[in-house]
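Have a look at this one.
First chain written, first letter: the chains are A, B, C, D, E and F, and each begins at residue 1.
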Amino acid sequence: MTQAALEFARPPADLLIEPQIRAALQEDLGRAGDITSELTIPAGQAATARLIARKPGCVAGLIAARIACRLVDPSLAFTVATADGSRVEAGTLIATIAGPARAILTAERVVLNFAGHLSGVATATAALADAVRGTGARIVCTRKTLPNLRILQKYAVRCGGGFNHRFGLDDAVLIKDNHIAAAGGIAPVLERVRAGLGHMAKIEIEVDTLAQLEEALSLGADTILLDNMTPEDLSRAVGLAKGRAVLEASGNVTLATVRAIAETGVDYISSGAITHSAANLDIGLDF
Amino acid sequence: MTQAALEFARPPADLLIEPQIRAALQEDLGRAGDITSELTIPAGQAATARLIARKPGCVAGLIAARIACRLVDPSLAFTVATADGSRVEAGTLIATIAGPARAILTAERVVLNFAGHLSGVATATAALADAVRGTGARIVCTRKTLPNLRILQKYAVRCGGGFNHRFGLDDAVLIKDNHIAAAGGIAPVLERVRAGLGHMAKIEIEVDTLAQLEEALSLGADTILLDNMTPEDLSRAVGLAKGRAVLEASGNVTLATVRAIAETGVDYISSGAITHSAANLDIGLDF
Amino acid sequence: MTQAALEFARPPADLLIEPQIRAALQEDLGRAGDITSELTIPAGQAATARLIARKPGCVAGLIAARIACRLVDPSLAFTVATADGSRVEAGTLIATIAGPARAILTAERVVLNFAGHLSGVATATAALADAVRGTGARIVCTRKTLPNLRILQKYAVRCGGGFNHRFGLDDAVLIKDNHIAAAGGIAPVLERVRAGLGHMAKIEIEVDTLAQLEEALSLGADTILLDNMTPEDLSRAVGLAKGRAVLEASGNVTLATVRAIAETGVDYISSGAITHSAANLDIGLDF
Amino acid sequence: MTQAALEFARPPADLLIEPQIRAALQEDLGRAGDITSELTIPAGQAATARLIARKPGCVAGLIAARIACRLVDPSLAFTVATADGSRVEAGTLIATIAGPARAILTAERVVLNFAGHLSGVATATAALADAVRGTGARIVCTRKTLPNLRILQKYAVRCGGGFNHRFGLDDAVLIKDNHIAAAGGIAPVLERVRAGLGHMAKIEIEVDTLAQLEEALSLGADTILLDNMTPEDLSRAVGLAKGRAVLEASGNVTLATVRAIAETGVDYISSGAITHSAANLDIGLDF
Amino acid sequence: MTQAALEFARPPADLLIEPQIRAALQEDLGRAGDITSELTIPAGQAATARLIARKPGCVAGLIAARIACRLVDPSLAFTVATADGSRVEAGTLIATIAGPARAILTAERVVLNFAGHLSGVATATAALADAVRGTGARIVCTRKTLPNLRILQKYAVRCGGGFNHRFGLDDAVLIKDNHIAAAGGIAPVLERVRAGLGHMAKIEIEVDTLAQLEEALSLGADTILLDNMTPEDLSRAVGLAKGRAVLEASGNVTLATVRAIAETGVDYISSGAITHSAANLDIGLDF
Amino acid sequence: MTQAALEFARPPADLLIEPQIRAALQEDLGRAGDITSELTIPAGQAATARLIARKPGCVAGLIAARIACRLVDPSLAFTVATADGSRVEAGTLIATIAGPARAILTAERVVLNFAGHLSGVATATAALADAVRGTGARIVCTRKTLPNLRILQKYAVRCGGGFNHRFGLDDAVLIKDNHIAAAGGIAPVLERVRAGLGHMAKIEIEVDTLAQLEEALSLGADTILLDNMTPEDLSRAVGLAKGRAVLEASGNVTLATVRAIAETGVDYISSGAITHSAANLDIGLDF
């Protein structure tokens, strides 16, 4: 990933994520703390540990790991070798942690849990992003995130070269079949939304058929979600839209299918799996 | 799973998990709330939605889904069809939610995020548990959990027929190589631990070789962790231990390997993947 | 306000505002609680109190008042006479609170602080909204809100017939002069934003001159903020835009100026004063 | 305001207000943070911004602004030019903020929201305090404060030269008509209060007539609240009291009326408007 | 204690103490909850348990015990037999808890920890209050309370027939020797305080000698703290004061000394031991 | 206490206790803060204060006192003279606090409340530990702790030379009479527990008779609680157990009885009084 791209990863502000990292440490320390290390490691002993990728992937979450170390012991020095968003090989040094050995061991599991999971999300995203390279399509995440990890998972998606969809129910409108049915059709649902909505929230509408697509296009929706369409229908949709709306494809998005979807000309391809089913990237902490 | 087994799943007390569920809803509702549903669904409209498994698996997390519904709107009726811990087929009805349509749509994503993820953990656990059935071995989770989801993930492991290892750094001693090295060997490390530890915390020690195992056995460790040993060495370890300590095997535990590991006679087999890399169980909400 | 309009006020979910209301009660009760009422009012004494408007205005905040009463004593009955969003005259009955006299007195000040302030915001908004009636312009609020009251103030703006701009720095892009300067002009700044932004966030750009407006229009900005322009320049801007972008006027918006601004044909007129300088609506609690 | 007077403004301890400032930043940053600045301002760019008064007034809230900057980025340097409590003219430099341009822009709105509102409270207070200068009367605030801003608003009142009444229901007794009625009169209500109250809480009683005043004086109330009396009756009340109790006047207190009230000889004049209806002081942030 | 007296105990509002009780339950339940009861008690088994005093004393804290039961399981029925403030003998039934046996066992320890400790505080207070009965002196607590238990301990003091001093540093002024020295004497310190303080906070000043007492009386302090004086000096102080100020005695207050102190005629006698050193009242939970 | 012993005291991580210390300061500062010191002590005045033991005892809680000082003012220098776990005489200097005089006075009460209480717990523990010196018995605490002080009280017990029992309901199994009765006896209760419990939690079972003890021993319980047995029966129990289980004695443990209990040969002696009824150690703060 280029430096310019890395910059777009845009890490969340510390004050947005520190509470979750502090909570994760409290979850692991419980009430009695790291009794093993306190009973076995001399208080003054120093050490240096190295975070090493055991498998190839895309790194994310070092910003969380750094904060975890600082919260356990401000004297720990956390030095990043490969910034969040970097591609790494098995064996690559990712970061080093130097300072009191007890503190390193106390922080170890939380550090690895954040770095392993978020790197897993970034790696899954990067695989899809790589697969569509050269088409105009962008990979985008969903709200199918793990509870209370949304800010960090959305960041990991950016680290992997993906883009972010809505962060919640509140920052954009996404009209689905139940909303259309309740309002009595595409035209009335869009009318209702526009009557009550300000000018700074986008409107996306999900359509199942090309007929619905034409209606939505004629009514000026900002974005149209094409759910579970075949590549053939997606191509037809792109032809119909002629750039009048942003088109997002969803459903059955895997490494095997994503290139064909991208080549239809849709603008965005959304995947829930990159956040709800990402496998951990294996990272070790070596002394 | 039998009723007796289901009972052992032991759901966590509401007051331990409600804060995480409330936070997950706030994460999704942001500041402006579910603007789409509020603008499109009439306030008085009622509906009934059905949680349906789209794939076979083991259900977990309905206790969280129920609380999420109550927090969004206490008038929502959440009726469980298949209790946490049940095996389901694709198409099985899991639960119904009845009440105001707006509230159902507002709660939908958080409900599915909890239920899908925790059922994924239970399903992954159940696959390993099934594979070792008939041996004496038990599947056990680790501290490789997703940040701030430990209580619920450990519950999902129990739903899947697995058992829980430590909940944190504080409720048992687990001595690893760094601790042994810092203390100067297995004998001194156990001596240090016993000098400072009360009588209600178990002591586990990780060994890499059969020689270390013999030393640990002779010194009376409660539990011994056999890390990354071959099935052959595990069998030898079982033979050496003769029941003097509980034996736990870890490392390279997959569906393909777990049966052979279990047949060596070890007591516990631990897996990080069931919590850190579980794929979401696909569950849909149909109106 | 019509019933249809009232519906668009869309009250925030209880779980988004209850923490602020609970905190406000704790702020008022301190450590020792309502010592005056506890020492002087017999425990069993019941009463009914009436919330009465002392001045004409637009009501907002009863949803907060109701929650405050419930938190002080779940046995208090709070009955709304004029729903949030209603216009009232001096002397109009707004709501009644019935139950233990002690609890009513304990809740009184927090109830009135929420209702008086939020009705003040709604009243100030309604005055501007009334003044532009019949033009196509909509009144919209800003991020110039009082700390930690944004959700409730934005709701009060809707109660007053206004619309909501961004809820925060994160749910839409608003490019101002410093951003343009840092990026090197309107074209490069829009290019940078689009390179990193997903498809569900709107982009607004602030322009000072008609030349900048033309550049922004040609580059396809969703919304253009016309800051501190004269009505004459606003009219010219509307003529230039020809509907290609949503136009928002800001700066020097008062009851005296807002009609002339609206008549230029701009789509939105934003006001910070309706949230940061709204005078309290005088509401009394009579026994 | 003199240096000695400034000292009496007594800023609240950081640990009492930091939670509110942190919450205000989280309210503005939402989940995705300041996406505009992150996408447009180069990470390394430094800047200096100046807080400038656009209108004359009395400054308050720089202590909150300083903490907001520190929470966004500890490397921001916040330099106060005119301390809280200072009178400023339009164009006066109030403070400078130097450091990363992104961080300044991210903090800007919260900084201005606190400084503008609290300076508004101080300015409104100072206007009343100026109007009564030379009489012995002091301006005092009430519990009619904006929810969860009481500590900071009470501080702003002190910055404006005013004094603080009760901070809550718990730190002093204020007996109103409902309490008197429930207890059966002034004598029994005071008896009940004294039977249960310790020696470190003051007792104030509200009276509507001079007859009630005489009764309260004869029974030794610490402070007597004279509500909505004419200046003539206030003068009579002062004559009756002869210094036996502190006298507080309330009701219909405006810039037009306050001098006449003060000249009656009352000790304190309380105003809800200085906290619940203070207009924002216009402060700009210039680069 | 009479019913009238019991009423003065004034329990704190639920919303002030529920957070501490919830936290105490979370402290005891940890992450895995009550594993013993969940593994051994059938889910449907009901029981009734009785809270019984094992020693004579004064009961306090049942309000906390009741909330603890409700938080563990809203279906638990908590029936008070002897209200907070009641004197009990060894063997007296204090309350019953009926409902699911598991829930009773889960709540048991927290229930007993609150009830035992707070009854201990009330019992220690009642012993001193009994000892001074018939004199005009009142027993009063201090700020020497156990961390984060102040609201409940102050309530327990009232249950025992005592009175409350300041709840914190903020609700009254207490001038000690360091403050006097810094300000340059009793006259200047009182002048400084009055210059900055509003009219609703009491002023107490600590004096060591009768000469200081005379100075403080002549300057009109509300309350004077006589620290560590002999009964003889306390008597002289009472004679000097002639009712011009409230007199509080502190230092060396025990069951053996308190009667003699009270008979000097002082108004209040303060004790830190009733809150910081109260022995638990032995209460059992019998099935 | 020796240096080696001191090390075993193992202070809890700052992030586990800082929230309680911050809350204790907020409890004492209320809303208005330390009004006395702010009104009387010049802002720039510096001072040095000395924490002095007024009575002999064992020190604990300086880690909390240090954090309290840092939270009030990071410029305060807290220098420990006698580390937590040290024995002190009346008059011994424990620590010094140097910095702004106002900040020292503001922190004083919270510092002393933590240090006095926790030193009281350590002192009570040390008295029992001294009394059993030379026997093999260890003093151990219980869950009879003061609400929300468990982490710090358990630490104070370690400072006093004691050991920790369970930290909560969740980290070990303790089977009491109700559990045995519900499960139908010792054999079935142990069977049920083992069927559902993982390998890292210890199992203790309470027995009332030697017959029960024999049954429990034969079934392999880790630890057996001998409740309220006479020293004679305890001796018989030790003889029966022959080291097959850890034996803990509880009930009627006082300074007068503990030596006789220890000499029976039991391994652990538990005391609730050291945490629920510890008298404050008198510590003063001298300028």
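In this section, a residue touches a chain if its C-beta (ideal position, glycine included) is under 8 Å from a C-beta of that chain, and two chains touch if they have at least 3 such contacts.
This structure is a prediction, so every number in the text was calculated from the model and none was measured.
Visitor: Going by the contact rule set out at the top, which chains touch both chain C and chain E?
Guide: Both chain C and chain E are touched by A, B, D, F, going by the contact rule given at the top.
Visitor: Same or different, please, for the chain B to chain F contact, judged on whether over half of the interface numbers appear on both copies.
Guide: Mostly same residues: over half of the interface numbers shared.
Visitor: Looking only at C-beta pairs that count as contacts, which pair of chains has more of them, D-E or B-D?
Guide: It is D-E, judged by the count of C-beta pairs in contact.
Visitor: Report the inter-chain centroid distance for chain C and chain D in whole angstrom, where each centroid is the mean of the CA atoms.
Guide: 23
Visitor: Just the number, please: Cα centre separation of chain B and chain E in whole Å.
Guide: Comparing mean C-alpha positions, chain E is 45 Å from chain B.
Visitor: Return the distance between the CA-based centres of chain A and chain E, expressed in whole Å.
Guide: Averaging C-alpha atoms per chain gives centres 52 Å apart.
Visitor: Taking each residue of chain C in turn, which ones touch at least two of the other chains?
Guide: In chain C, the residues touching two or more other chains are 8, 10, 27, 29-35, 39, 106, 150, 164, 167-168, 170-171, 195-197, 201.
Visitor: For this assembly, give the contact graph shape among line, ring, star, complete and other.
Guide: Topology of touching chains reads as complete, every chain touching all others.
Visitor: With touch defined as at the start, can you tell me which chain B residues reach chain F in the complex?
Guide: Within the complex, chain B touches chain F at residues 8, 10, 138, 140, 163-167, 170-172, 195-202, 204, 223, 246, 248, 267-268.
Visitor: Spell out the residues on chain C that touch chain B in their complex, using ranges where they run on.
Guide: Result: residues 7-8, 10, 12-13, 15-16, 150-151, 154, 164, 167-168, 171 of chain C touch chain B.
Visitor: In the complex formed with chain E, which residues of chain A make contact?
Guide: My answer: residues 27, 30-31.
Visitor: Over in the complex, which chain D residues touch chain A? Could you list them?
Guide: Residue list for chain D touching chain A: 22, 25-26, 29-35, 38-39, 43, 71-72, 106.
Visitor: Given the complex with chain F, which residues does chain E contribute to the contact?
Guide: These residues of chain E touch chain F: 20-21, 23-24, 27-37, 39-42, 45, 101, 105-106, 109-110, 112-114, 116-117, 120, 143-150, 167-171, 173-176, 178-180, 182-183, 189, 192-193, 195-197, 201, 272-273, 276-280, 287.
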